[in-house]
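Multiple structures are listed underneath, in structure tokens.
In what follows, subunit A forms one complex with subunit B and a second complex with subunit C.
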Partner chain A sequence: MTDLAPISPFDASPSAVARIARRAPVDWTGIAFLTGLAVVILLPLVVTAVWAFAEVWRFPAIVPQRMGLGYWQETLSRHDVWQALWLSLSITTTVTVISAAICFPAAYAFARLDFPGRNMLFLAFLSVQAFPKFGLIIATATIFLTLHLIGTFWGVVLIQLVGTLLYMIWIPVSAFQGVDRRLEEAARDVGASPMRVFWSITLPQALPTLFAAILITFVNTFYETDAAWLIGLPNVRTMPMVMISFINNALEVQYGAVLFVFLWVPSFLLMLAARRVMGADAFAKGFGG
Partner chain B sequence: MIAALRSGAMGGRLSGLLLVALPVALLIWLVLWPVLQAMVGTVYFPGTGFSIASYTYFFTDAYSLRNLWLTLWVTALTSVLRVVVAMPIALYLRFRTGSIAALVQALALFPMFVPSVLVAYAFIRVLGPNGIVDTVLVALHLPKLMSPYLTPAGPIIGLVWDGLPLTLLLLLSGLGRVSIASVDAARDLGAGSWTLFTRIILPRIQSSIIVTLAFNVLGLFSAFTLPFLLGPASPEMMGPYMQRTFSDNADPLNATTQAVITFAFCAAFGLIYVRAIAKGRKGTA
Partner chain C sequence: MAQVRLTGIAKAFGKVTALDAMDLVIDDGELVCLLGPSGSGKSTLLRVIGGFETPSEGTIAIDGVDVTHLPPERRPTAMVFQSHALWSHMTVHGNIAFGLKLRRLPRTEIRERVEKVLDLVGLAGYGARLPSQLSGGQQQRVALARSLVIEPKILLLDEPFASLDQHLRERLRDEVRDIQQRLGITAVFVTHGQDEALAISDRIVVLADGRMQQVGRPGEIYAEPKTAFVAGFIGAMNMLDGTLAEGEVVAGGLRLAAEGAGPARLAIRPEDIALTEPEDGRTVTVRRMIDFGSHVVIDSALADGTHLRIQTDKTIRVEAGERVGIHVEQWTVFRDGEAPSRYRSDTVRPFREVRRYA
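What follows is the complex of A and B.
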């Protein structure tokens, strides 16, 4: 999965609504783009979804000869699928919890406190993105080799944790910066302790964005492939690894398709929820826009 | 720790440093230290001294050079293709509003929600041998497709698809700096669409295009999953090559050497990208 969006794809701007009301001429360019994108973007996903429900689909028939849920039962009764699913969920949960525990306090400090080296340390997190990713994973793997972390649960957790640092710090920083200072000062004026102000004023305002950051981290970590592959295999087989073995070994086309639908739909809904609660431009700065 | 804030600036400084200590330590341990270790560890060997043998090997080995060359041209072509495909959509979205524009944006950003493993799978079902494109061609009594699966075109198509949303967003944020008034003014003076694009819009978004290309190059140069699943086995791109050297050949020295070489090729792009973002932060902070 590519990274995150500064602009929610599912928000129509208010001015857009105003334009429609004025009955603009038919937007032929838009219709052309729409048709092109529908074929290129949606068709592959629809075809795969159909495969998941096709019991028999022999070339060159345009539609499957027989539809049904037979392969769902077969795929979801596979031992390796469930094993990988639990492993992936426990790795992903561990990474997300640790990441939130160490990154959110740091984000608060970057947003609100003044300390030596603040700007430099903040920008240092960009260095994760300044190197070609797989090269970086290889360099880290060489270190893990001497620490005997290759092929272990904690090796995968550590390498995936590094991958979450940038977003789990940069997104919450903008959340903490966005909190209304006047409310905090007002609470202080009527005698609230700094701790009380943090729990009752600051945190509730930042919470939706923190929540969105957690959701995005969870989904992205679940599907992380490059690091899990190099560091995890052969002992630690996460869900994407099972997917890849279905692609490469071509057991049955449907196994992969069923997993595709089974895994993608919940993650898509989670991402959609994240986009909903998050401010439209929360990420805009992060990509040099 | 937050209570410490009250005890004045000194307390704030200390608690600030304490709060950021863990992520910073992790960053140093698992990013900066490995990079340093990779650079030093491939040229200096305790006991035997300096040697650049692994680099000499890479740059004299025909297979390594073919992989590097493949990576270079696939990266260059894919970066340019992403911008070429995203630019018309970005221009359309900048100067149009309405429900159709909102839908176009939603569709173009959709690949962001599809993990690359799933992209690879869907790609094979559509463009692979006997995929849906072949099915349609046969139904129309046309010859089958020369499938891009397992050729360099495979990862290129997959990577353009996968990278479209971010490229589009970066271009859109650049186009945000082009005022509609200036475009209208030029149009009133009789400028055609092409003149408008090359004379008015392009100069204003030049820096955005450079940042977009830099960002793309960084992501593409060591791309792994899509080239591994959709690309040819030989020659292979640097991502799969490094993985094979490290895991299958159990040769961390040469794998690290390859990694340092990818760092070197991407250094300029990394610098451009980081500088642009650092500048952006200063502007808004």
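What follows is the complex of A and C.
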């Protein structure tokens, strides 16, 4: 009988490793898929980003003839840009805070409490997204007109609150449902009251996913244009409104490109940082993953 | 003193009866195992004692105090969960200290007690780690420490080692038994592992379909099962359907002495069957021999094809297809609605010379 000595992967000779590496199949389908996605998603972003720094870029040149920060200086020195930025941040923060205050307790109730009409009410919250958004805004605008909310800060806040319901209820419901009941039972077992269990166990366990909901809501609200345009104008001009007017009215695309980079880079970095801190599973859990 | 007294405990979930009229007294310092298959009600009973379920009927008293309607946080109990249930956002120290902080103990006392209990469970120096940085066995020790540190009167363990591998499970159950005896704490241990129950408990409560089948010491439950279910559930057992008539029970071609008449179930432990030479007429055909090292199990067939497991000496060697004689040394006959009858043969017959491996 022959004794067979198994080779540990760690002890394998370099030639054996090289042989295994050579045999590894190349996933051409995956590479093609990835390349397609990169072209569709990244190419427009890269082109727009290059436009933001291009002072001269005429056809048929593939790269700009002259690069510089001229358009940045011109755009960022405008008073209305900074005013719109602070207004957008104020509206977005207000909407996110109010939405969290309303939606998180509601989400906890949907996730943990058993009350009559629970499923119907939950569906009603989510059904806001089932209708064409523009129609909903117009219908709301007619009501706001009688309430003198058109063109006001609180009018925009209220209409944008409606748009946050989906993420601020759906994701937190999954977050609270995802907290293992036994963790809460273990806390009660060592003497914690139900309220203490919520603050010390349930909330910290759900927090990463709740942060994901807050982040998605903040970013979505910041870039929201339809409601801000119909309810806010002419008095309330948010940052995306200013960007659209730049793109529509200016002959040079660089103004719009500058604002695009100006708005996109911070939120992209914020998303990256959040994903690193919270982990991908916080986002996945929010969608029932 | 920490005694648990269950009186007429019943629990129904809708139309499903999970527990039915249970009376049980668990004495001070005793470790009682609730043993039964899935759905037998053992975990429900533990949760009723812990306050996580309210019984539909009956009362629970701990040290003579009725705790039936007290929430878990106001009961002198602590539970170790099967899934560990450690709080991942807290360190090991934070997990264990949580119950002490709720009791508003001084910080120095909390630190001392946490260190002491970590030492008790063999995890001294692990306080700063997160649960995710521990192995499954270490996590279960932390869960045990978290329950012990609040000095409960009753320790409840809900299949605490079910997710661990065999070796670790055996080591931890011995450690738990050791700690429980050192502290003299009353403990209720839920398991579906009969070996675990036999190894760890002072008494075993065998449950099936929400009813108590038998309560007794491990050896007593093994040797003298009161129902056919207990006989079949605890340890290996040959259960044969048969008929009682003319002073004999006839089952699967076997004829053994037994009183009574009518249908019956014949129960024979594999180790209560001895091998003999085949000439006495009671023979089986060997189907397979399983060598466990410490003993040998022979899967055999009676004349009518009924399977019969035989446990014998580790030095015995038989071949598949071989016919060997058997001699049943002890057997039990179960009849519906009657106490079981146990029989023993006085005859000891020699088997062939031992065949050893070359």
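Throughout what follows, the second predicted complex is superposed on the first by the 232 of 289 C-alpha atoms of A that agree within 3 Å, B and C clash if a C-alpha of one lies under 4 Å from a C-alpha of the other, contacts with A are read in each partner's own complex, and residues count from 1 in each chain.
Methods note: a residue touches a chain if its C-beta (ideal position, glycine included) is under 8 Å from a C-beta of that chain, and two chains touch if they have at least 3 such contacts.
Quantities reported herein were computed from a predicted structural model and do not represent experimental measurements.
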Which of subunit B and subunit C A:S127 touches, first, second, both or neither: first
Contacts of A:W86 with subunit B and subunit C, given as first, second, both or neither: neither
First (subunit B), second (subunit C), both or neither touched by A:D180: second
Contacts of A:Q205 with subunit B and subunit C, given as first, second, both or neither: second
Most subunit A residues touched (candidates subunit B, subunit C): B
Partner chain(s) touched by A:A192 [first = subunit B, second = subunit C, both, neither]: second
Where subunit A meets both subunit C and subunit B, residue numbers: 193
Complex contacts: residues of subunit C adjacent to subunit A: 50, 52, 71-73, 77-79, 81, 83, 85-89, 98-99, 102-103, 143, 146-147, 150
Subunit C-touching residues of subunit A, taken from the complex the two chains share: 180, 182-183, 185-193, 196, 200-201, 204-205
Subunit B residues touching subunit A - in the complex, by the definition given at the top: 1-3, 5-6, 9, 12-17, 19-20, 22-24, 26-27, 30-35, 37-38, 41, 88-89, 92, 96-126, 130-132, 134-136, 138-139, 161-163, 165-166, 169-170, 172-174, 176, 208, 211, 215, 218-219, 221-225, 229, 238-239, 242-243, 246-247, 252, 255-256, 258-260, 262-263, 266, 270-271, 273-274, 276-278, 280-281, 284
In the complex, subunit A residues that touch subunit B: 1-7, 9-13, 15-16, 19-20, 24, 27, 29-31, 33-34, 37-38, 40-45, 47-48, 51, 59-62, 102-103, 105-106, 108-110, 113-118, 121, 123-136, 138-143, 145, 158-159, 161-162, 165, 169, 193-195, 198, 223, 225-226, 229-230, 233, 240, 243-244, 246-248, 253, 256-257, 260, 263-264, 267-268, 271-272, 284-289
